[in-house]
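Chain lettering (A, B, C and D) follows the sequence in which the chains are written, and residue indices restart at 1 in each chain.
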């Protein structure tokens, strides 16, 4: 087996942490903790991006790292915390599946994601190539989280976490997307979050709660 | 030759028309004899006709021209049929212009006009009669057609003279299919001519009558024409039956005077025999309830179809 | 562009469009639309008939229009078959348009001008159906025809029944069209050229040819009203205004026959005799079914609609016979059967249109469609009644009118089946002819009922104001159709000569010049069978006239008018006449298993006794209701997918993603 | 130049209307901007027809017959919809469903939406394509929730979440695509996401990666196209948003999303040569057609009904693109055109019909022909057209699709036809009872703008019987490009 460089060890470590946070988010019921976890995830992402940038001498990745630091560690958690305070949301009291079941499903998903990413990772020249599976796993876990959550806010956090996974995939599989794309994506995410924020208020105004069970009126009967 | 043929055909038709009421009288007389009655005599139908032709006609105020025209149409159609059917010879003028199918059509014309005229006044009995007549008609008409077709399949022709000629030209062969057809034909004949067991021409029992119900409103000359047409119809059916099932003895065009005279006598004898048999059948059967009539005719129809099938199965 | 029949006909089609569009100038102006445009349309119909008759005896013409698909511009072709049907369209619509000119008035339905547009588009599309020479052009014309007639059917759309009738009609028409599309897809046979020429050249395997044939039978059968696809017909015909019913029943159904003939004789060159058996059986059953149902109807237009089903059945059974003969390689016999079939198409177009127009006049005069409320109209509407009588007699198949000629020819063809070298068919043929005969006999029952209940007797609603006879234009239309019915009956030679051209083109053999003379018809040999309508007609006239004169000479009594006798019953009202239900009662009893009857009979103690009987079609419950239930059940299952729960929706996406990934892995 | 203007005009429009959108004349301005967009698109089209495909802006923008055709269509329908929306939104204001501030948002977002769609169509960069698609989602989310009713918020939420998640998958797919391309093209100059470059080297791309990428892209953009079973947002969003938005969603956005799928399909099929992408598209297409047909039977809300109908037609188009080949692609492009025109025309009439009746529940709408013949006839003819009745153009394209399917995928034909028959019954039954019958509805406070309806239907009718050679050639070029 090849001896891994320090950078690549660091990245692997970051990836593992990322997966850990994803799992933690899957099990976490407190919404505020979810936001914190999201911020941590952002931080890990930003650091590992910076490591990749350093080791591969891809300067534009520094910008990406900075961007994600700004957006995902500072701005978005800030907005979310504010929202939570204003909306007075604490608990995501019920999930659709029990936590152990969710975990089990999550593990299956991780295995699936890894096996899926394996042939691709082989082709990668990036130093972070084996982390592609982890990125895919994070995306899938976030997807699972969105499915199992009943609160609008946690669903949105799931959505943002999925975005993190994608971002990680972009840096790990390749050395990041072209700058203009990254900027666009970041803008979209920011605007999206803002719009969702507006939505929270509208939902609360209409239904007096952020429970998604109120949003089940439009259906076939 | 042609002129002779022409004269012969015309005289045959005129004679048949003139003799038709006699046929009716003969049947009634035979029936009376069979029932141990004295009977009114052979000429009773002529007396009835003369009586009717003398009277003033009474027509309902609500009658339309159709009502008055109908007896003429009935009589005309029947007379035309007589002209087509070989009575004692196959020299009919119109034979090639109307085959058996057209003959059935002619009978249908008479029937339709009778029924329409019956509905014209708008009495309960008239419409009742019309309905029942059409009920008989819709089954007897195809049955008659099937009978004709059985004969046509054997002889490869739908023209009555040709059927007769083909049948008589070769030696006697027993066609099983014709037996079925003959049975069916007798049943159709009984129904079409308002005989027992379908109808009773001699009563006006309101609930059972068919033909009489239709002519209730007629009187005098109209009634006379209708009665005469009825007699003609019986003659026509008798002649058809005889031509199909006992075709021997009919004269062909071009026969000499002796042959014609012989054929005339044979035809008269056959008709007399027919009357006797008809009277016998009528005496021996009881009238059916009106709703048994479709069953009766349905049987006739099926028999005729069986005749066709048998022909197809056994070949000729 | 030279003045060939095809260009004349195309110009007339365009002119019909133009006439229709002109109606939009003043849609509510009855004088403009009715008195000007419709007669103009009628004149064009006549012109089309003339051009088409010329074309029958001319050479086949083809043309490619500059419209249509980029790779498949619209192909047109005018051959003897299409010319014959164009003539049919032209002749019939002349009468109908004349009548319609007097018939359409302002009212609460569609504006006359708009209706004029729909009407003339309908006419034009029917002509285009017959002219089309590729699948696309055919489908466009075919569906345009369905669509324009749908709009005409739903003119009185405020009536709920009209809506459902229209819907059912269009739905079945569409399903039929889908089947036709599939049929063309099979017919092209691997060339992927959708012109009819390519289809003629395609060499289909016998199994595929059968599939194509089956699809065509389904598609055209849905339009023609074959069992069990007939359900729309008795609904749509009564719903439509009478000229439209006349057009649909008289002309549009014939385009389905045209299609059937085109596909089975022209596009499928190798006929299999089994097709003939299928068509014959289906046709025979349809005919019987239609006749039986017509006999028990109490709505005059429904009665006629069922009678159309009956006639379509007869036509199809004749078509089956023609296919059978052709499949067995008996050209002349096939030619006879085909000629008889097409002749009956033409005849049916005349008398059925005539009778539908008559119902229109009756409805205008009385506002009633139910036979139970009519009666005695002969006295008030002598013209209409007279023409109706001709139509009735023609349709009842009485000599010497036209219905008889074609039925005679059909029966003659049936009588030739013993020459077929196949036992099964030899057994089937007698049954076929029996059903045929029974059907035609029932038809006269139906028509006695139709004419008798409407025009004879006394008005069953004595309070109704006396009806007025039809107007001049309406009368002209009726007379035209009655005249064609009589002429076609008396001079079959006109038609048979034309049909021989069609035979030559489609089958390759013909009946020959000798088959029909001015005097008489002898389809095969003079020994076998002959029929002379002129002689028979003159014979009847002479006999009746002689009788009349003789009786006049012999008879010396006078005529007295008095009240009807009626067996001397003292209490007598017009309501004691047979109703339509009563008249149909024997049939209802004889053919009990055909119907689903709901009866409400009064008991002896009812203070207000009421008798009601409703006869419905079993086919609906047997076929359509289960299909509807199945579709609804499926849609209920499908709708479980959409529960409104966003988690569930996300799960679908997720599951889809995972499945696909697992699939490609 | 025309291209820049094309992007600039709606963007400027969004800004201007964002500032002044509450003014009385804002709807007229909206029309004016849309119209200038349309004119510019015509100029661009003329340029493409004259000069062929070209690249602009350091290869970031690309115009070829395929997208310029969609650009013209988008600009045209955008313009006619703005004409329709002018009286429609006035009436909505009159009915008190929206206020001036919302109208400002509406007009501004309308232009921004046009901008994002045009951007998505014109860009050569698959990343930008993704960004534009996401942006289109964001703008329309705001439009769908314009009325701020419970139902509209619910619809918008579902729309946002489902499409957001979906499109995130598309991003993953794009990353994989980039990953594969970068190995061939290198990361320098960031050409690895440019479609033209990718298309040039598609044979060298790694098949496994592209297969995976296509799954993600299909699921992602497919959500936006409304392919079953990813379609669940679509009926809700169509039913609850303002009708002009339903019209552009159905008529344009779905097309644009499908455009993205097709662009990706071209690359993937070029790389894998396995037909997998084609089969996936056909499968999704058929499933959508079939499911939508059965969904249609149970609808009560008229806009939902036509939402499902859009799913059905997108299914047909996807199926046709899946089959590929010159005829099927031609048919798919034609179907895109006629579907956009017809469906938006239907929504125009539906909008006014609902305003008259004050409800979207079909059972409560009756007698449109009587109360307003133009609306009634528009709806009736539009419905018949969308159901594939000749002589309308939808029939033409369906004819081509079905005949091609008979040749290439005979197994699919019965399914397709069954679905079409069911859909016909379901939709027509409903529409007929709305159009026909007696009614007591009242006229509207502002005269409705029905010119667009009849212009659209007229065009569809023309395409049904005559496709101008220029247009046909144009379609052929585009079809050949798609392969």
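Here is the rule we go by: a contact is a pair of C-beta atoms (placed from the backbone, for glycine too) under 8 Å apart; a residue touches a chain by one contact, two chains touch by 3 or more.
Since this is a predicted model, take the numbers as computed values, not measurements.
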Tell me which chain's centre, taken as the mean of its C-alpha atoms, is farthest from chain D.
B
So how far apart, in whole Å, are chain C and chain D when each is placed at the average of its C-alpha atoms?
44
From the C-alpha centre of chain A to that of chain D, how far is it in Å?
31
Here the gap between chain B and chain C, centre to centre from mean Cα coordinates and rounded to Å, is 35
With centres defined as the mean C-alpha position, give me the chain A-chain C separation in Å.
70
Where in chain C do residues touch two or more of the other chains?
639, 641-642, 646, 650, 657, 661
Which residues belonging to chain B are in contact with no fewer than two other chains?
none
What are the residue numbers in chain A that touch two or more other chains?
116, 143, 146, 155, 215-218, 220-221
Just spell out which pairs of chains touch, all of them.
A-C, A-D, B-C, C-D
Chain C partner contacts - residues on chain B that touch it in the complex
53-62, 64, 66, 72-73, 75-77, 79-80, 83, 94, 96-99, 101-102, 105-106, 108-109, 111-112, 115-116, 119-128, 130-132, 134-135, 137-139, 141-142, 145-146, 149, 152-153, 156-159, 162, 204, 206, 216-217, 220-221, 225, 291, 294, 298, 301, 304-305, 308-309, 311-313
Within their complex, chain C touches chain A through residues 639-647, 650-651, 654, 657-658, 661-662, 665
In the complex, the residues of chain C that touch chain B are 375-376, 378-379, 389, 393, 396-399, 404, 408, 411-412, 415, 418, 426-427, 429-431, 433-434, 437-438, 440-442, 444-445, 447-449, 451-453, 456-458, 520, 526-532, 535-536, 539-540, 543-548, 551, 554-567, 569, 572, 574, 576-578, 582-583, 585-587, 589-590
Touching residues on chain C, where the partner in the complex is chain D
66-71, 136, 139-144, 146-147, 154, 157-158, 160, 162-163, 166-167, 170-171, 174-175, 178, 181-182, 184-186, 192, 194, 631-632, 634-639, 641-642, 646, 649-650, 652-653, 656-657, 660-661, 664
Complex contact set, residues of chain D against chain A:
60, 125, 127-128, 130-131, 134-135, 138, 141-142, 145, 148-151, 153-158, 160-161, 164-165, 168, 171-172, 174-176, 178-180, 182-183, 187, 190, 192-193, 206, 208-209, 212, 235-236, 239-240, 295, 298
